[in-house]
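Some structures are shown below for you to check.
In the two complexes that follow, subunit A is the common piece, with subunit B as its partner first and subunit C second.
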Partner chain A sequence: MANSRTNKHAYVRYAVIRLIQGAITVWLIATATFFAMHNVPGDPLMDEKAVSPEIRKNLQAKYGLDRPLLEQYGIYLSNMIRGDFGISYAQENRSVNDIIREHFPVSAILGVLSIVFAALGGILFGALTAINRNRLPDIVIMFLVIMGISVPSFVFAALGQMTLVNVNAFLGVSILPVAGWGSVSHMIMPSLILGLGTMAFLTRLMRSSMLEIDNADYLRTAISKGLPPTRIFLRHQLRNAILPVITVLGPSIAAITTGGFVVELVFAIPGLGRYFVQAVQQSDYTVIMGTTVFYGAFLVFMVIVVDLLYGLVDPRVRLD
Partner chain B sequence: MEASFSFERTETIARAVTTTRPSLTYWQDAWRRFKANPRSLISLYIIVTIGLFTLVGPWVWTINPMLQDLDQISVPPGADRRARVVEPHVRWAITETPWTTSTTQLAVIGEATTQAVRLAWNPVAGASGYRVYRDIAEPNSPDALGLPLTDIVNAKITGFEDRLDLKPRTYFYSVVALSSKGFELKEHATLAVEVTRVITVNEAIARGLSELDESSLIGETVYLDFHPLGTDYLGRDMLARLMHGARVSLFIGVVAPFIYVLIGILYGSIAGFVAGRWDQLLMRFADFVVALPFLLFMILFKIIFNTEPGESGIFAMLLAMILLSWPATARLVRGQILQIREEAYIGASRLLGAGSMYLILRHMIPNTMGVILVTLTFAVPGAIFTEAFLSFIGMGVAPPNPSWGSMCNEGIKTMLTAPHELVFPAVFISLTVLVFNLLGDGLRDALDTRMRSD
Partner chain C sequence: MNQEPRASQGNLRRTAGRQLIYLGLASLVGFGSLMWALASLSEGVAGSALDAIAGSVTLALSEEPPQLDSSRATDTVSGQILGHVMEGLLRYDEFNRIVPGVAERWEIGATKATFWLRDDAFWSDGSRITAHDFVFAWQTALDPQTASEYAFILYPIKNAEAINNGQLDTAALGVTALNDKTLLVRLERPVAYFNSLLVFPTYFPIKQSFYEKRQGRYGADASELLYNGPFVIEKWVHGSQLRMVRNSHYWDRNRIRLNVIDYAYITSDVNATLNLFKDGKIAIAGLNSENLDDALQRRWKLERFNEGCVGYISFNHRSGRLTRNRHLRKAMQLAMDTNELVYKVVAMPGNLPGVSFFPVWLQGVERRFRQEFPAPETQVDITQARFYLAQAKKELGLDEWRPLTFLTGDRATTNKISEYLQQEFKEKLGLDIAIDRQIFKQRLAKMSSGDFDMVLAGWCPDYADPLTFGDLFASWNKNNRGEYKNPELDQWVRIAQNSLEPHTRMNAFSKIQKIIHLEAVILPTYETGSVYVRDPRLKGVVKRAVGMDSDYSNAYIDG
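Here is the complex of A and B:
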């Protein structure tokens, strides 16, 4: 009993430390982004039509660009703590918060769908290959996995789109839309494509994880007890082999969010990734800073959450 | 009975002493294991081939990758390169005499060439003008006839000369009669026209396509420049661009990992050696760099470093990649060093009087080399992917410099009409990443039996 209480205590302590570390990382990301963006040659007001020095001055005053750098940094940080990322330079009257609020859910839906797809597919195919080790399904799936790891996501996106165009043209009806966003049918192809790379990676991991526990004592015990194979598979093999897959889900989320940029571009999906790329091309400071910090914070905390969950799922994990 | 013993000296059996084969060093043993794996050997051959393609290729295939061949835009490999030499174009003087025939409503006058297509049609009763459309596919609805080329507001003029960007292919021309208010009347005629490629005498001579002189050249067939893998959307040679693009992609893919792995080794071994408080501090900093969202910061660094408008952006990308990627190696090397420090053979060596330098050079580095080499091999595909990703979203190598990623970016826009522009660079990226992955697997199996993949 006492042991479990100290464990719980250690867990909370670990969680708090991780969260503080995460907050410091986010602050450092915000600072790095701020100074990085202010060292970029040129300024966001340069792209506008030729304006008189007076107007330019007024605009600079409006956006606070005439103040000393440290003061700007202070304002930026205090605004950010209050959750205010400022107003876009390129799209007048549109706050960065609005942009994030409007477009992040799209990216999030896409990301969640592809993570689910990647995890389910990875676990399923990984288990399948391990059970059929060195037989036909293993060889075929592992070949596909190597392809999945080696082909860049934009090529998959292009191929997927091309396939849709040809299938739709061949059947004469549109079974799935080629691009755009709005309904469930719009989501299927992009999330499949986005999840492919991660799925290949997870399949490989799941396979080696299954093979690793192949000689475990508890498996031999289960077999000698005469348990039915499905029960052995579900209760003993799958449950134990799945753990390493869960740990990499955190970093996988990072891979999927950035991979989303490409898929959003190719499939014309109004997600945050597309707006980030657009903001970079327009040197829209506030949007770049806002989305970078937002994405950064999101990824950092995703990794922490997954690590904490892992600690809950697997009691063997050492907390330090 | 006299026993006579004759003793003879027996031959010394030399073989018996050398029953063991010469002992193999770690690297010889690893090479033996590596050679036994056909997959890794094949991937090594392919890597050498890609290397030759990149380094030697541009010396053999000397076409400028930025040169535009405007006569051959987006042509697939193996396309027809023939062109007939014709005289310079003379404007078609269309008179107000209507063209009439009983058999067809719409016809081509003379020959349809890439220089000009001359159309004439029967006048439509009640029309006050005509509109001419062109389409690349057969129009299936009178509302979608393709690109409107011109509006003719004089009902007496029933001819039109099309000179707009003609390619050697089939076009579908449609002519619609216009009412006096400019609305389209229902009458329309469609005609499929096969356009043949021609080239003017002056141009053929200027480009050195034939050695004949001007007068005897007309009517002859010449061959346009040869593009073994076709051309892209600006008529640039795909093979040359792939070779030059490979230089960018592989330069970044090989040099960036090499440098950051080196930095990682240095950083990691320092941290591993000093241990204690400094080690903690160094590793916390590495943790921070790892936590940065990699691609977002790649993009940020790209913006900061890429100051000059005329620059290719390779250096910026290299620097950004190095700044962000070293911690993984640093962590790995530190872990290895910490582990090796505790090994018995280090203690034994120290007992025999070995100094720190000797320990590092003789024991620590050789024993981490295998792991480092494997990391390096797996880092190459990662760097190639990153370059391709950045170039694909337009943040990588600046045009007109080719890189595999930027070629994919350009190719994706024309993938339905000219798929080869996407397929070739995509195949090169995938193949390179694939063989480096396979090589990494092979090296891992050969160098470190503890890390075997299965």
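Here is the complex of A and C:
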């Protein structure tokens, strides 16, 4: 009893510490982005047609750019704490909060589907290659895995889209839409493509993890005890081998959700990734700050969640 | 005897394989149901490219309009949409003639212009469009608080520039609503091309009561805008879809044959756009050097269109810059082969070699300006170029040429051009060119501060008069980023601005054309054109150099 209470106590303390650390990380991200952005060349108020000094002054006042940098930083931080990221420079009458609220769910749907696909595929193929080590399935899959890791997603995106065009043309009916967003059929191809790299990576991780426990004592015991193979595979091999995969899932979710820029562009998907990249190109200060801090916080949060889950799942994790 | 066999390496693998198949099937089912669940959270599915029965056409937009407030819109995509959902006093018809819009008739004189509004011009909420809506729109655009980038286009109106610079109150603007249906405009100076300004989005009306209720969100969403054009925006999903339907309140609604224009895809990826076209999902797809071959292989009919812009190398004329030296600029002018540049390097159909800063499509007195006043010819002449270069070196007192900084953008075509020119100037003239590649905003910042010797720039027309090009190198023009100053050129610009007499004006433009060439103020590289493929059943699409890029208001589906 006493022991369990201390454990619970340690766990809560651990969670609180991790959250504080997370908040500090986000603050550091916000600060670094703020000062980097203001020192990178590029003027958000500059556009094709030159404007009069009077108008420029008004614009600077509107966005608070006429104040000293440190004061801007202070205003920015206090607004950020209240959850207000300001108004976009490029889309003059949309707030950054609106942009995140409207476009993040799309990226999130795409990200969740991709990660589910990547995780399921990675675990299945990883296990398959491990139990067939050095046999044909292993060789073929591992070759594909290397391709999946090394070929950038824009190549896969273009190839995937081209394949759809050709398949649709060949069949004479549109089995899957080439681009766009809205229905289930729109989601299949982009999420497969977006998850491909992660799936390849997870397959390799799962394979090595399976092979590692191949010689584990508990597995040898289970076999020699004469347990049925199904039970050995599911309870002893698969379950233990999955742990490292779960560890990397958190950061992977964040990476996939934030890294969909190319896929979003090719498949004309209204995700946040496009705004994120466009904002940098347009020196859209408020959108750069808003999306970076949002994504930063999201990534930090996912890592913490996984750490905490891991603490619950794996008794070997020490909470100090 | 149904006992499971004992685990051995072989049967362990087989069992595991079987289990994996079960798991795989289970995950497929799980994955599928997850998709269905998530799909309910999103909306909007596009149809095929053309639907003759519904009268709908599906298209792709290269990017999302930043916002649709006509007083502040600056980009071509916004112009494209606004041109379909709004209408000014005048508009362009399918033959590019200026015809009545909200104004039924008008009189434009040297000092004032009067417009009589039609009885049946309504807003999409059913209320009548009045002269006050124009007064409000123009005052709003000029208000320095609005900080409209295109306010300058209203400057021909009395007191407009002073208001925009904060010297006068907006009420001082020379525009009066004599009554609900009569608009009187007092002009700062005679404006020969005033009618072609009136079709520009900044001149579109805005209803004050509606605008003020939006509290700064006017034009941010489909419901935050009041329409008076042939179409209204029915649905605007940011980054994804912009769907326009026929406006039942539009006065000339019987002219409109399409019921729906659905921009169902928003992407700047031209390969994706072409794929959508191949799949029969959109009716028009633009081409560029990346996907041109693909379209050619399919033997599609390519449509060409003169976009009306001019690409050019702008020199820095500020003191202390090598490029201030005329002989250096002349040497580069004689060494540059724009034919090779356009046909071999850029190699996109539709572009024309740059010979003048005044593009071919501009109208002169009776015929095209360039037919009446042909551009001075430039023949590539390396011997003469080297002679000029030696002279320049002497005048500048140089022992060795310093490398020239060539500021450029970061697009694929820009890279091709700048690298080609770098090599050409090195080979033919022995000049070292250092390419300074920058993103758009930074290139503009460096252009404004004069941090360059040469810059790859472009200029697009705002209205259908040679002055939209002609006044760019006037010493007072803020967009004259090379800061070229020449009293003689200034004088011709003033004549072209203030005269109403076509011969005098066109003659002034021809003088400007000559000065730009003789002094090598800039070097035109090419006149931009575009190439696209179109579903042959879609007819009546009008493309024009000024105004909206593609006008679908006269389009129809045939077959």
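Definition applied: the second predicted complex is superposed on the first by the 314 of 320 C-alpha atoms of A that agree within 3 Å, B and C clash if a C-alpha of one lies under 4 Å from a C-alpha of the other, contacts with A are read in each partner's own complex, and residues count from 1 in each chain.
Here is the rule we go by: a contact is a pair of C-beta atoms (placed from the backbone, for glycine too) under 8 Å apart; a residue touches a chain by one contact, two chains touch by 3 or more.
Bear in mind that the values here come from a model prediction, so they are computed numbers and not experimental data.
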| item | value |
| --- | --- |
| Subunit A as common anchor, with subunit B and subunit C clashing or fitting | clash |
| Subunit B versus subunit C as contact partner of A:233, first or second or both or neither | second |
| Touched partner set for A:283, first subunit B, second subunit C, both or neither | both |
| Subunit B versus subunit C as contact partner of A:90, first or second or both or neither | second |
| First (subunit B), second (subunit C), both or neither touched by A:165 | both |
| Contacts of A:261 with subunit B and subunit C, given as first, second, both or neither | first |
| Dominant contact partner of subunit A by residue count, subunit C or subunit B | C |
| Which of subunit B and subunit C A:155 touches, first, second, both or neither | first |
| Touching partner for A:34 - first (subunit B), second (subunit C), both, neither | neither |
| Subunit B region in steric overlap with subunit C, selected from 110-118, 308-316, 326-334 or 344-352 | 308-316 |
| Intersection of subunit A interface sets (partners subunit B, subunit C) | 41, 158, 161-162, 165, 265-266, 281, 283 |
| Complex contact set, residues of subunit C against subunit A | 4-7, 11-17, 19-20, 23-24, 27, 30-31, 34-36, 38-39, 41-46, 60, 66-67, 69, 72, 74, 144-145, 147-152, 164-166, 216-220, 237-240, 264-269, 271-272, 275-276, 278-281, 438-442, 444-445, 448, 478-479, 481 |
| Contact footprint of subunit C on subunit A as seen in their complex | 41-44, 46-52, 54-55, 58-59, 62, 90-94, 99, 102-103, 105-106, 109, 112-113, 116-117, 120, 123-124, 127-128, 131-132, 158, 161-162, 164-165, 168-169, 174, 177-184, 186-188, 223, 226-230, 232-234, 237-238, 265-271, 274-275, 281-283 |
| Residues of subunit B defined as touching subunit A within the complex | 288, 291-297, 299-301, 303-304, 307, 381, 385, 388-389, 392-395, 405, 408-409, 412, 415-416, 419, 422, 426, 429-431, 433-434, 437-438, 453-454 |
| Subunit A to subunit B touching residues, read off their complex | 25, 28-29, 32-33, 36-37, 39-41, 146-147, 149-155, 158, 161-162, 165, 207-208, 211, 254, 258, 261-262, 265-266, 276-277, 280-281, 283, 288, 292, 295-296, 299-300, 303 |
